[in-house]
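Only one structure is covered here, and it is reproduced in the block below.
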């Protein structure tokens, strides 16, 4: 639509930011710059990738003040890592917390966890093949959570979302709630609806995207959003949009997740978000 | 839609901004940087928050050249503070003016007040529970002010807008006007339509959002806009979008306004706007 | 829709820009900075405003690579000023050229004028009340140039576009052309359709907005675009959107063009575009 | 729609970027700055233009992580140049690879080529008049690849896309695939559908735009996207949008590709992308 896009691009704020950079520059090099890009002395590259994933999802508008992304501990399949309760755009290495598969924090150190960590816990428990989980409220995906129009892949870059994207409604089994997935029981009920699929929508709330790696979960969440926008526009053009066939979804997914395509897109989204591909 | 998004991102302007920063840097530190982020020697944190609120609403596109946000004086319930007539994106501490509940400026010091301060005055007079008022012309909300489609919460983050969002038409009681709420009578008539609700639309003009605090009013105004966009898209998908139930609206609102959610989102929107969370 | 908004925000490019700024900084101060913001030693503030107008229209997405804005010479009503053939986003003081009301360049100095300067020439000749003319291809306005849906003001900030926005089709009198208004005859035919209105659309091409001053023409062009977007969305909600009444259009226009509203919005749009309000 | 536009504009990231600039500044001058803007010691201006083309298409949202643009070797019509497998936004001179018209890399030097280089190879072989080819997944164009609504020019700036934009479906002749144009046979089948047209869509995948020069192919790809957005909105307004006549398409194309219009828009899009017009 015609709404002017440029937002808050005020010289004053730019001045402040550049000013802060100048002030910081003195003491910047190594540490500050490293922190800013999520690098650290951590032995686990997965942690740097998890910070990058938070920044990327925020930069692409997949998450806003809310939403989160986690990774299963590569050293212990019974544990996963997730930021403390903080907006993804602001997450840093020190915000990462370890959880068991029932959603209990291992070493909170006074940090407050996300109220919906049970989504991650239940999915990791139910899906050994899943190593990363994204939960978001993408504005482009939300319309499909409150209507009967199925969100299915119509472009090959979104083949990775899978042929079926089920919708889970917390009201069905838990009645009137605050709509958050707070208990492990609710998490398990969601996981049952997710079943073996890659994405599932939550009525009036958002989406959950899973993957065999952080990169896969993040890219799938991005293209789920892209596909939703394309499908919405195609429906406005009238007629039944041509969807991908089962064979195209399977073969295209393999290609989209090949090292060639995965590395290219991960480098791209990292650069856009200003984070180190690691 | 397909309109290229990148706007006026011209090297020339970037060069000017960075250039200004460099020039400023010399004399920058403390004061300039502090001012730029709305900090001051003021004893009232509410004032810093009010400046931040102006910048946030502008950065999120909730307000443009027009629109305003006010706060009830925490020391005197019969007074409220509002910027002089200036675009929210540019508001600074020195722009804040004090008003009585009939819209009279206490100490104008030659500053020109907003023509529509009566909206704030009348609402504070009618609603002792309200401590902050936002008036905006959000482009995403405006379509709902000129059609019969009710703007109701369909996503949990927007539960805070409340179950009912009435529409007020100045023409109904005041006939042909310049459409601004200029008199205290008009303000009271609007307040009567707002009644006990959190949001009310003004036909062909905009919206008013109230809250028990600056943070609540600002976040509600942001998610009113988000919800409008999601609802518009859902309606394009056909069928009747599933709305939140009364119980979901009540419980989700409590959660969205819990310290956990409120602090997270306030920190996020402050960072996006480049202002100090205070 | 769901298309990720962040565009080309690559660290590399930011690095280049900031780098350029640093390199420039040495020789920056006075002149460079002044030029960048369109200031100069020129005796006519209208010229600085015209440069600012070009930058603002580009920054708001009202013009892209094409489109232009002119001002009638305040010293000689038979002359007007318009940039040489260059994208509005890049226009500087030295690009401004003087033209007579038949579209002839007074002192080209080897500079190439816009092919469509005849629009400006013919409008200034036909409308003594007009002191500034904007021609644009706003993506949000274009849909209304190729359909029967009349573009009428539905929000008070757009009351300034006037009750009637006629559509001119060059094909009607000139048959198959390259669709540009190249001759003074074509310009006069357009001006006849514009008549006493403030805005007129050109089928499959764009819009022309006139004003008693640069600020008025620019703000009207911006809110014509905003109104087009709001009207399009309102129509998608179904039913007949409530339009402004003739009396509301007249009274609201006066208010929107009052010094209070005009100064506020001009300061705002200048800041967004990074130009000096002058 | 109402989705807040400002994305990831976090002070932290700005700080990192400006910080990187500061660190780089020391060793910046000549080489770094030159590389960043795609300049080099190369004897072929076409190579600098090809890098600029990559950056421009990324900046305008015509390509994202995927998509590519190539140029026929001006010294040898049997060869063309295309980046190694990398996102267009990140392409630099050293990424350019030379290919023969059967898609074989001449001197890969260990670099991995794009899987879909066959599109370029087949088109150059079939169309001696083509000197540049763009392949993209523009989100605004994609809806027209999966519906029956023909994408035709409705605004004069898009007249260059031509009267007919055919849609090619790889499934028709090659059945269930990963949807990528991998073999020279598939490339030739696509080229047969493209025939003498300037643009062709690929079902559920994207578009291919050809031109007699890099500038023409890039500008056509940009305005194909703009036209798609305008046409989509016009269709939402109801009725049959007025299209350009065959004569208007022919004459307007000549004008849009005249040096006057081509130079103006190329300078504009280069500036927006922060690259040197060369």
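Labels A, B, C and D are assigned to the chains in the order they are written; within every chain, residues are numbered from 1.
Just so we're on the same page, a contact is a pair of C-beta atoms (placed from the backbone, for glycine too) under 8 Å apart; a residue touches a chain by one contact, two chains touch by 3 or more.
Note that this is a predicted model, so its numbers are computed, not measured.
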item	value
Cα superposition of chain A on its sequence copy chain B - rotation in ° rounded to nearest 5	90
Interface composition of copies chain A and chain D: same or different, split at half	different
Cα-centroid distance, chain B relative to chain C, in whole angstrom	29
Distance from chain D to chain B - Cα centre to Cα centre, in angstrom	41
Of all residues in chain D, the ones touching two or more other chains	1, 3-12, 14, 16-18, 20-22, 59-61, 64, 89-90, 139-140, 226, 229, 232-233, 236, 271-272, 274
Residues of chain D defined as touching chain A within the complex	1, 3-23, 64-66, 85-87, 89-90, 112, 115, 137, 139-140, 142-149, 169, 171, 175-180, 203-206, 232-233, 235-236
In the complex, chain D residues that touch chain C	1, 3, 5-8, 14, 16-18, 20-22, 24-25, 28-29, 32-33, 36-37, 55, 58-61, 64, 89-90, 139-140, 154-157, 159, 226, 229-230, 233-234, 236-239, 241-245, 247-248, 251-252, 254-255, 260-261, 264-265, 267-269, 271-274
